[in-house]
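Per-chain numbering from 1; labels A, B, C, D, E and F assigned in written order.
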């Protein structure tokens, strides 16, 4: 539990957009947590960083653009949004290539967040 | 098409049993092809070789044992059953470790079968 | 040429059926014919009449239905894979005492023989896998 | 301790719900309580009343129902994930003019808030993922 | 001539390896859906580079690249759905990896 | 102390790599469902060996091993469902990789 008596809920987004529903449904799960005013953190790992690609446009594949919902997270009070530095590095990306300002975390910092969360949800 | 005027249908089984339905549903697809008296071939690739493990027993996980259906394929006239030699090697298995007699194929022989099939189904 | 398209993925869970639908339109646009579209594995959920799309989302079962009407396509869902996943006809609903049927009228439930038959009479078989 | 179990996979497509069911029984056998079992993603298909098991196969929806009756469990399927996938209540069937409902009576459809609530009041949250 | 259709991303690296080993010199690889991630220039595409070096044609579906905001590396040919159909015309058989 | 629950086989090698990098010294790994394939002695388990060498406890679910006719390598601890629950008692949090 965090110092404020809130629960620390950690959400890992590990998959790219559109191939399956985990990105869209993971986003919905985070939004629901935001309503409860808990200590919510989101980390984009591995291919999950592609959820934050600039210029996402699923019109040509006739699917819905859920990914703009990630950009709106701060509006709903979710401010602690991170990406794995290793994932960015792996895909030759920098935080400037992403659709929103996020902090990049080293592996050890991610481990630390996992070790101190009350519950971890993965999508 | 084969010399007999039959179509050459190649079925690739690529996944281990029980984690998902592809093994069981792939088997059903092969059995359906057997009824049509075509030139049917089945190759177990990669983790698909575990569909032919000896001593499969899903009772402890409360699932149905579809895998014995693979053993029955010759009864239904499907005699051309192969495994990837590379897959066996990868998992430190030999054909003696399998639940039925099958021929192990080198990569090039598998490529040749793919290149001459009329249609390829993967599961 | 004659094409058969095989779909293993469910709408709202996998991109596979969306890709298959786009591919089907492109096949027809290039002057080919489609012998059959066969739904297997979770793909049988494309044939469900009960799914309800969120307001701003595409409703794929309706897309398939439109495609069928415009091009007289043969849309077949594997009966074995369907009943396991709750896509059933009125007669199955009655026989197994379920509250109602759930098969969209543009789709037909039939056996895996329809997939083999499709392979025999099609020049091309293209699979859209999932999961 | 209080456990919540989260299920993302569908019966007949994924082992996840079978594993979750075995795990739930083991949790209860060790004297713990289960605060909630939450079905999300394709896991909502566990709540379908229309699926029909092949004769020699386990029928997981019935297993869940038995577990609920014996231990008074709270079985909740995410409503948003459910309606997209064709698991609907009689009132949704009426509102959207579908042929019938498809929610097994032992399950309740509710919002994702029930998952957050479960996380707040459970000592352990264990997810069975799929796909 | 086999058209290999691959729709999974990096977490399925071993699947792409199995696929790549079975691609003959006359075959082609088409990356679709999450598979287009392999078409991006990045540190993880030794398998793709190996295929290109062996003279295999590697294509990525333009619609899926656009959807994900990904630009394909120069060595990768992009194909739209019409060209996807064309690829299936030219290759008498296909195999899907997923 | 995190319990990492991993349920996928070899085709998801990169996912296991991502998981392995995030396993701390006090964490444990539990292989379930198709994940028990990693528990078999074979040429492909360098990632598992690396974890064992680092002192990480690696478990495989006995019921899933039995189902698949697989015997776990000596270095892997087997756990049945009751012991799976025990592992979740000892680890205050878990993360699932799938």
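Definition applied: a residue touches a chain if its C-beta (ideal position, glycine included) is under 8 Å from a C-beta of that chain, and two chains touch if they have at least 3 such contacts.
No experiment lies behind these values; they were computed from the predicted model shown.
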> Where the contacts of chain B and chain C overlap, which chains show up?
Replying inline: D, E
>> As a test of understanding: of all chains, whose mean C-alpha position lies farthest from that of chain A?
In response: B
> Between B-F and A-D, which chain pair is linked by more C-beta pairs in contact?
Replying inline: B-F
> Among the chains, which is located farthest from chain D on the basis of C-alpha centroids?
Replying inline: E
> chain F and chain E are one sequence twice: same or different residues at the contact, by the over-half rule?
Replying inline: same
> Using CA atom averages as chain centres, what separation in Å is found between chain B and chain D?
Replying inline: 33
>> What's the distance between the Cα centroids of chain D and chain F, rounded to whole Å?
In response: 25
> Counting in whole Å, what is the centre-to-centre distance of chain A and chain B, each centre being its mean C-alpha position?
Replying inline: 40
>> On a C-alpha centroid basis, what's the spacing between chain D and chain E, in Å?
In response: 38
> What positions in chain E touch 2 or more of the other chains?
Replying inline: 7, 10-11, 14-15, 18, 33-34, 63, 93-94, 96-98
> Among the residues of chain A, which ones contact at least 2 other chains?
Replying inline: 14, 18-21, 46, 61, 63, 118-119, 122
> For chain D, what residues touch not just one other chain but two or more?
Replying inline: 12-15, 19, 22, 41, 54, 57, 80, 125, 127, 129-131
>> If we use the touch criterion from the header, which chain pairs count as touching?
In response: A-C, A-D, A-E, A-F, B-C, B-D, B-E, B-F, C-D, C-E, D-F, E-F
> Okay, in this complex, where on chain A does chain E touch?
Replying inline: 14-20, 46-47, 50, 53-61, 63, 89-92
> Taking the complex as given, what residues does chain B use to touch chain D?
Replying inline: 18-21, 61-64
> If you look only at chain E, which of its residues touch chain B in the complex?
Replying inline: 1-2, 14-15, 18, 21-22, 24, 26-27, 93-98
> chain D touches which residues of chain C in the complex?
Replying inline: 10-14, 41-42, 45, 48-54, 57, 80, 83-88, 92-93, 96, 98-102, 130-131
> What residues of chain C sit close enough to touch chain B in their complex?
Replying inline: 6, 40-41, 80-81, 111-113, 115-117, 119-120, 122, 125, 127, 129, 131
